Amino acid sequence: MTTVTSLTRSLREAAAQALTSGEAAVVIGYELNDGEAAAPAFVRAPEDAERLIFDESCFGNLAVYLAKEEVRRLGKLAIVVKGCDLRAINVLLRENVVSRDDLLLIGVRCSGVGRPALRKCSFCEVRDPEGCDTVVGDPPEPPPTDPGKRYAEIEAIEELSMEERWAYWQKQLGKCIRCYACRQVCPLCYCKRCIVEKSTPQWVETSPHLRGNIAWNIARGLHLTGRCVSCGECERVCPMKIPLGSLGDKMAKLVDEWYGFRSGMSADEKAPFTAWSPDDPEPGIL
Amino acid sequence: MSSYKQASEDASGWQPRIVAFLCNWCSYAGADLAGVSRFEYPTNVRIIRVPCSGRVDPMFVLKSFERGADMVLVSGCHPGDCHYTTGNYHARRKLLALREMMSFLGIDPRRFKMSWVSAAEGSKWSAVIRQITDEARSLGPFESFPTFTLQEVKK
Amino acid sequence: MPALLLADEIGARRGGRDRCDRSDDYSVASAGRHGRFRCSVLIAVLGVVVLLIVFGIGGGTQKKRKLKAIQTGGPSGGCIPESLIDLPVDYEQLTQSGAMMGSGGLIVMDERTCMVDVARYFLSLLVDESCGKCTPCREGLFQMHEILNRIVEGEGREGDIELLEQLAAYVKDSSLCMLGGTAPNPVLSTLRHFRHEYEAHIKEKKCPAGVCKALVQFRIAAGDCKGCGLCKKNCPSNAIAGEKKEPHSIDASECVKCGVCYEECPFDAVKAG
Amino acid sequence: MNNQEVEVEEGRTLLDAARALSIEIPTLCHHRAVPPAGACRICVVEVKGGGRPGLVPACAYPAQEGLVIETDTERVLASRQMTLRLLLARCPDSEVLKELAERYNAEPLPLEQKDDKCIMCGLCVRVCREVIGPSATCFTGRGADRTVSTPYKMLSDVCIGCGACAFLCPTGAIDPAEFCTHPLEKIPNEFNCGQDFRTPIHVPFPQAVPNKPVIDKDNCIHFKTGKCGACKSICPAGAIDYDMEDETVEEKVGAIIVATGYEMIDPAVYEEYGYRRYPDVLTSMEFERMVSASGATDGRLLRPSNGKPPKSVVFLQCIGSREEKIGKPYSSKICCMYTAKHAVLYKHKVHDGQAFIFYMDIRSAGKNYEEFVRRVVKEKNVTYLRGRVAKVYPRGDKLVVRGADTLSGGQVEISAEMVVLAPAMIPSSGVRELAQTLRIGYDEHGFLSEAHPKLKPVETNTAGVFLAGACHSPKDIPDSVAQASAAAGKALGLVSHEQLTREPTIGVVNEQTCNGCFECKNVCAYGAIERKELRDRKGQLLAIVAHINEGLCQGCGACSVTCRSKSIEVQGFREDQLFAEINAVSR
């Protein structure tokens, strides 16, 4: 048990306050865990607020729980959010998964998580979460490097020739065992029925071979286009270590470049696949 | 069935197989017009009529490839002329995203084509088909893509 | 002429005459020529005869000239001729005779008064009195006044009399208020009793009373003239010549027809006509 | 009255009684809106019994029980005749009086003639005092000297310039402009392009439907100052109601036909043509109004600058049409034909006049159109010059039109006395807002889009909304009428059935799997997606899911593709159907 940081202390106070005042029935936060990542904690009594912590180990994206029926049933939710998590919540809000009125947002000012710090933290623009009900923590330090790095990883892939890319992805996607951990951890994969579970017709083959894997990852990539907030959870939890994050990033880059759209920046923007403009780019259309 | 057999097993051997999704109001009528106007174009194209190019799900395209299409074409009304006002705009965004995704994965994006052909453009239709068929020929069979094999069908 | 005023309400009541519910002030003026009144105020009991007022109380006409007419009732009243001198002064009788009690004024006129001129004079007052609201009174009186003017100017035409009568009847009948209803009286009454004077003016172009200057010539009757020189002294245009004690004469070319000589001559030697 | 029994309500006059019996009694100083004065005496009737006998003015005399009235006795007639004679002597030129004198054969008498216009009926004074209120006019002087004037004969600042006096004056003797310090400012007549003026109460245009006058609130004295109210008291039908408010009427309808028509581009944006700078440069619409018999000049074609008929007119076509820089790329379609018509009209008005027409191409497609244009060229010898005009500028009292004649390949300079511009047709302002409200398409110019250029030229993309006329594209009258008839037919076809029959190929939602994210709502061009609450037996809210309105959905399928959980199917294009097709044709 390490010494309690002031951030954690104020976080606990905020949580306890939320519970005692009845503003929330449960506070979703992080608690100490023997693994590298802090465990999610569902605190329902003010005294239990003591369990809550916030430190570099808290890179999990708790927003994923908001869509889950069993969690919703607990009553009015308070949730501990980093700026990056908030982007996911914005998408959920836009898609009416949760309504802002049933949600108490306890923002934490974050200077980067993960040991070593996650890649996304190196160009994070949302260290100071905006629009939360309460925000705890000291003003965060600016990100060490510039946002230009945002798409560095995929640009590297784009550099490759088509054949090289194909070889690369054949290798990567070939590994997929279709455990759907990526789906389970993704805060935006909340469909009551995932497309892979649809059997008539079966657009995506479920057995783990390249054809089905390609279909699945393309389907997922497109479903997340303009929604994925690059939290990197899918890649983190993938047992086969498939660089799934770059698929999301690729699409994020696309909508950013073509439609000037960055997902999760606010709750009331139209997703690029539900919007249009007469002068959208249309390269290669005959 | 017979037509494509003929297409695929004639003397010159292999023939490209092109699946075309045509919107009911413009491109389908355009193809129709091409027919009645006696414009000639290769027989490699298989037409699937959809109400609107906006009805074409990227999954349709993928599935066509999986099932052995060498090339897929989605054709709709010109921007602004959509019978449903905005369907082709939505198609443009979703399907071009698919093409970008394909190219990112190294799946040859030239296999997937889009075109705007209005009900009055019979000649354009035949021109488009001639062009993409030639391209499909030059690209050869889409072997790199993991397609269904007849064995699998039997299983 | 001594003045007298009668206001005998009790008497009137005693007389038991109807419509007598106010004191009847009655003023009398004897005129040689109107414009130069000798005015007086007197009281008389209703029913007293004109004769008594004029001669008994009033003292008769100037220079005992011949009484010609009596005008009663103010501007919209009427004239009664000398022949009705024994008419009793009350509402009914006066009204029947074409005059009226009206304001209670009584004007005595001798032979030297022109009745056409009198009518014109009273009408000129009434034209101004009219408020001008209703057509008959406003336009009718105006037209009547115009006609009378031209008659006294000697430009009277055939039919003017009939036109006057027509207009008078119309104004009397159609006017909005009683001013218009009575305004034609001076004309009507004079026409009734002195029609010949109108005719004289129009047909013979003469003013019998020698009042309407356009129609009159003055001359001195040598027989009557004593050569007192009074006329000569008063003539504004020195048109009269003659030695003292000698009959005088008027140079018509010089005469402006002011009528001073006619007025002043103590012997009535100046004749009009 | 005249041996007829008549009953009128308490307080009515003998005149009312007479009119009830339709007995004709002349009046001059009477008007129903104004309290009676009994001044002119033209309306006198004779009381024979039941009251003090004599002549009384019918307009002012109250009807009473048992009155016996004669309206046409000698006495009455004589009185009326004399009244007329006297008034005529006063106002020899009055038409009203002449006409009445005629009717009552009041032959003139040798009366003193005056030369006046006013018959002293006093209506002006009374309406101003009793009805309008300010008492700006009054009588001055008395008797024969009486006149209508303002107090102390000074310019009146209490006069509100309502003009009621002038309106009521039977002889047109009074004009408020003469004594009012602030007479009515004139209101340009919009329908005649401001070539003449109208009153605040006006019928918008001839053949307006409904053809009824309206009050122009912004210019009405009553609405501006709370005074006046002349119209209300004068209107015999009592039709004026100041409390009426503009109201929004809500109707449930089965079909909507959009026929918002067109406007014209403002030619002033083209400096070179000098519109508004030179009075003799007109738009075709202004020309049209001027040569129209119902126009401001009763159809006389006059130069605004000097009021003389123009000896030469130059017509310029395609002002703002087929011109991309400031104008519109499209052809306005109708200008060629109406300009030809205008040229003919001009020739009819000014026989020795010269007409020139600058055109780009003569677009005379249409039944007998080409023939007409040929006739204009040949028979009316109107000079057609192919080319654009570079500049219009004044020289002396004329205008010089300088332009290119591309056929002869030379510059031409024409000295014209009038220049008529044919501006581009543009959609009515505000049509975009309307289109958005109706969820129908429109092009970059604001013309409304038909559902299909060939197959559905009258329908729009929203079921039940149809197009007619120039709101859809520049059209001439026959085309507009044709399209309007088609639209009407379509609308009738729609509403004449018990049930609405629709294509079955529409979307259906799988309520079990719908996430309720309503991304589908964003892509639906028809607003067909509605929110539906799923409740259990106890009425407990289970979920809010999408529901597709069968009446609105057109079955495009955009929603189906947008739906990630694949919860929307398009009947006739179901996923399993397409899947089967794909399988069949791909292998």
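When the chains are written out, they are named A, B, C and D in that same order, and each has its own residue count from 1.
The rule we apply is simple: contacts are C-beta pairs under 8 Å (C-beta built on N, C-alpha and C of every residue); 3 or more make two chains touch, one makes a residue touch a chain.
If you're wondering where the values come from, they're calculated on a predicted model, not measured in any experiment.
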Comparison of B-D and A-D by number of C-beta pairs in contact, larger one: B-D
Identity of the chain that, by mean CA position, is farthest from chain D: C
Chain B and chain D: spacing of chain centres that average the CA atoms, whole Å: 57
Separation of mean Cα positions, chain D and chain A [Å, integer]: 63
Inter-centroid spacing, chain B versus chain A (mean Cα positions, whole Å): 36
Gap in Å, rounded to a whole number, between the CA centres of chain D and chain C: 72
Residue numbers of chain D (touch at least two other chains): 523, 562, 575, 579
Residues of chain C touching at least two other chains: none
Multi-chain contact residues (two or more partners), chain B: 57, 63, 66, 80, 86, 90, 94, 148
Pairs of chains in contact (touch as defined earlier), listed by label: A-B, A-D, B-D, C-D
Parts of chain D lying in touch with chain A, wherever the complex brings them together: 512-519, 522-523, 544, 562, 564-567, 575-576, 579-580
Chain D-touching residues of chain B, taken from the complex the two chains share: 1, 4, 17, 19, 25, 46, 48, 50-52, 54-57, 60, 63-69, 80-81, 83-87, 90-91, 94, 119-120, 148
Chain B-facing residues of chain A, complex: 154, 157-158, 160, 162-170, 173, 195, 203-204, 209-211, 214-215, 218-219, 221-222, 225, 247, 250-251, 254-255, 259, 272-274, 276-278, 280-286
In the complex with chain A, residue positions of chain B that touch it: 57-59, 62-63, 66, 79-80, 86, 89-90, 92-94, 96-109, 113-116, 128, 131-132, 144, 146-148
Residue numbers on chain C that touch chain D, as the complex places them: 127-136, 138-143, 146, 157, 159, 163, 166-167, 170, 173-176
